[in-house]
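Let me begin by presenting the structure, written as structure tokens, before commenting on it.
To keep things simple, chains are lettered A, B, C, D, E and F as they appear, and every chain counts its residues starting from 1.
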């Protein structure tokens, strides 16, 4: 098991290190990610949404659907634990 | 035990502050670090603190399984409700802008986000509490 | 804007509302859960059909959630492929829900029915969300919703083994989700966007980056685990065997198909045909593994004594057929692959329903104890035989049609040996299906006196099984109907859009 | 040579560390026998991926993505990965909760939380 | 950002991670994991990801630890590896 | 003659399917159930016969049922050759139904509803094969026939039967796979699978490809039971006698040889086959099968199994006829399909009658049966004579054509095969007749309870024998006429 695990981890590690070679440097302001959508959000979010925290603006407004999913995930987890562990009560 | 009294007293004092802080975190999400999720977790942690200091039954008297159930549904319902409301105001799902435009209230967009964050907070608080209840409840019909 | 325009988002929001309703109503009266669930699924099925018609009539349906245009906002996209899958999974979901009522009453502890139906709805919401979203991270979120729901539902029977199966699935599923998250991250690093359409447009400019290749590998590995593509199927047999019958049907048909859908989405809509065949040619490897999967899955299935486990391994083999289409990657083979997604969902749904019926009535799924079951449950076994014939690929069932397309595609691409293995695979399918047929119809004269009390299962479980088995036949005969949508869908996939 | 290496190292050591953490977590997830240890591994694996995302988001000399008052212009870090990771953290804790519930149930049914022993227990039933 | 500090924190995290999966007492492992999360929080705060850092502080070293402890309390705290 | 579009082909196939449904519904009431069978058989015969005049005028009835997949729609076309098979099958199904009813009732077999249901679906599939307009349609019905006959083969449900059933299924499903591969390959090579008189493959691929393709077809039509792929046929003898009759005469093996002739005449075409040297291959296989199977038959003591080997041998006459690649050979091959069917079904009917009346299957146990069952024995003798190729039965007609074909096709050595086979046929049939008529049982009272079988069985026996005889005197009504039209179709202008 251990050997297999090491082998799998090694395989994944090689892919990851390989991928890093071509990544933008750490903190690179010219990276594609920062230039494209990142810059767009920073530019427009206050005008669009009107709150200071850009993260919250994206979280609740631009990507509100993701956050909706997130709440559902939490809800599901709660129901799951109820289904798995709860022994008394109505649920 | 003697320490218990100290702990309980401290907890009794601390819990309201934690809860107020949680509410602050939820509302503060719009202007700084924080938000519904973090606030909800902080709120839930007040119940965890109670459970540790007292026992499960004590906490359950504050908010029982019915309460957690209703709150966890309520939070999502708020979120959904805001989304559907936007549709009723002839926008897309979760398009807060249309409500702001329709009602003509400035900054409503931000307030609606606060509302949604509150919804998230309620659900997270309820679910986390519920999970802790179920995890801490060691079998039997106690609590 | 009419309500119809909002259908895409309502398809996701609907089941969530329904699950909340189920929770609140179920708290007061447990009997309300099922009607709510059924009504919700009916509504979603209708909505899916409406959307499907819309897609077939007027092309791709797009919906910007929150009114934010991509790439800033999240976009829901339903093209022909998505509409086709949506219609397929909602059909199966409807059948499963019909089937679930009696099955759940018997298999799930009474006090758990409320949470069961709540999570059931959430699972559907997650799967629908995965199908219609046009944003890769949004897809990840819905994937996790459906995964968590599935982990739980598998162990809803509270059988000890089910917990272990569920845990193992959780571990592998989380690894898969982690890989998918990594892959999405790498894609984001390479392009700076999360929208599928934009990714497809921007990726060609980054094809020389190792990051993109790594993202591709992670995504393909992650979704292969989710779709139980050999040899990453290790979670599947236990999970299918131990879950309650209704859940088995749901995860074996709807969930498996959505995972495959997501894989197809990434392979063809995010990365393009050119990428997987020329720039980073994986089709050869996929073809090889798919062929191995077909044979290995079937051989493992033959070796099983538990009917559900047999069918589970058969799923491993059948996923191989669908991936075979990816390996061949031409129009005809992909049409076959998509047809097989539909066909396999229908026939495997039917087979698992019958397995569930047998367990419902006899309490066992061990083949050695089922001798002569067909004399007691003739209709169920007839449904099994028909769906089994489809699984083997006997004309004019849907299973034959999809295999025919796959063989035709393979021949056209000049891949003779692979086509030969595909045909051998269908023989192996005959071997494992026939094990049951023989035992059910012609076996077990000796223990007849033990089982006089066994009768046909309840109508609400039997009807969906029979319906699906008839559908195997009808879809095969009138194969032109699904093919109309499939042809368009494949053209869109290959066109890279 | 050394310069090239140091260039490579300084530019990307953050990713490297994230990857090493990922691999540690993944290894624990696959190889550890104890079911709880596996979940600890899962947590490490996930947080490492989150670290990777946050590293991607960071911008040299940037400030937190909260608008400074009076419209003062500043360089902000990329906010989008933060949002994604907020969601992902929630997903992570949900999975942890479900997984731990399953472990608890398994322990209640079989009395073990070790994978090998569990396999034997399953076979024994 | 001071890269030496950053690097030291990362190294320390790796140590924590290795320790967390190798300690035989699960409660200890959980506490080490909480420490790991805490360092992660600091790191993210250094990277200007304040919201994420806040969340990780409450969830990673808060709720997750509580969940682990509760689960370990209901099972067993010793581990064979 | 123009092709006429008409619904009749579909109606013909639908009738037995409808009957199958009725059989399931009325399963509890024996008489109703069997009325359904008989009525359907009559209706189907009528429906087939009603198409006969236009076919005899050289016309064809076509019908596209459904668009299916690339490579062919689900389409039907009734031509002269298809009519030969369909008419044989329809007529024999009627007789076989009477016989089966008598047989099953006499033995009080279990699961009779399933039995008649499967028979009805199987005959629908057989007619479908006869009326197929392209390879794909043919394949569809071919596979249905395989699957639906399985429950018939394993009808008695003993372990040996299950084993035999597995063998049956394994051979035929593997064959089906090959046939599918061949169909797909044909489509890839030419872009169509529609049957064209005289073939359409010429010039569509390298010689080797086409040779391999023919090999695929040959293995695909394993139902023709050529050696060494014949083992399923004797194994299937475990089935009730009406099923054996059905397998050997009405549908299954006939479908196999029908398919080979169809492929030879309508897909490859005789000139192409000749240029590819396929005739020789086929001739070798056929000759070896004829002789070897006859030898196997000699060694067999079980009557039904001996008849099975006789079928294996006789079917290869048809392959032999095809292999000659001459007009006369092809004529003989086509004519042998109905003629052999009528004679062989008589023999099987008799074997079944012996089982019902005397409960015996081994030839050595049949001593003196002829005195208790004179009519039956007589009919057996007549059919056996016919199989050996002696007048006054129809067997001689096809054999004469084959002999002419052998000479015409430049393969006079095949004459030797024919002669050797005739001798061997005689060698394994006449001892049976001798045993039944001349030998005396060891225990003189053993046969006291034995009498002629019930009328429902006796009448079909007599009828088939009489028809075999009539076909000798009036061969052209209608089979030889049909064969001539079919030959005319595939050789228009190109006589090799």
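As a convention for this text, a residue touches a chain if its C-beta (ideal position, glycine included) is under 8 Å from a C-beta of that chain, and two chains touch if they have at least 3 such contacts.
Remember, predicted model here, so these are calculated numbers, not experimental data.
Using the contact threshold fixed earlier, the set of chains in contact with both chain D and chain F is C.
Counting C-beta pairs in contact across C-D and across A-D gives the higher total for A-D.
With centres taken as mean CA coordinates, the chain nearest to the overall protein centre is C.
For the pair chain E and chain F, the distance between C-alpha centroids works out to 78 Å. Distance from the chain B centre to the chain C centre is 36 Å, each centre being the mean of its Cα atoms. Rounded to whole angstrom, the centroid-to-centroid distance between chain A and chain E, based on C-alpha atoms, equals 19 Å. Counting partner chains per residue, chain D has residues 13-14, 22, 26-27, 30, 55-58, 62, 64-66, 80-82, 84, 86-87, 90-91, 93-95, 97-98, 100-105, 108 touching two or more of them.
Taken residue by residue, chain C touches two or more other chains at 9, 16, 23, 27, 65-66, 137, 141, 144, 148, 151-152, 155, 182, 188-189, 194, whereas all remaining positions touch fewer. Taken chain by chain, the contacts fit none of the simple shapes, being neither an open path, a ring, a star, nor a full set of pairwise contacts. Chain pairs that touch one another: A-B, A-C, A-D, A-E, B-C, B-D, B-E, C-D, C-F, D-E. By the touch criterion given at the top, residues 50-51, 53-55, 58-59, 62-63, 66-67, 70-71, 73-74 of chain E touch chain B in their complex. Residue ranges of chain A in contact with chain B, taken from their complex: 48-53, 55-57, 59-61, 64-65, 67-68, 70-72, 74-75, 77-78, 81-82, 84-91. Within the complex, the chain F residues that touch chain C are 66-71, 74, 139-140, 143-144, 146-147, 151, 154, 157, 161-162, 165-166, 169, 173-174, 177, 180-181, 184-185, 187-188. Within the complex formed with chain F, the residues of chain C that make contact are 332, 389, 392, 394-396, 400-401, 404-405, 407-408, 411-412, 419-420, 423-424, 426-427, 430, 434, 438, 441-443, 445, 477-480. Of all residues in chain B, those touching chain A in their complex are 29-33, 35, 37, 65, 68-69, 72-73, 75-76, 79-80, 83, 93-94, 96-97, 107, 109-110, 113, 116-117, 119-120, 123-124, 126-128, 130-131, 134-135, 137, 139-141.
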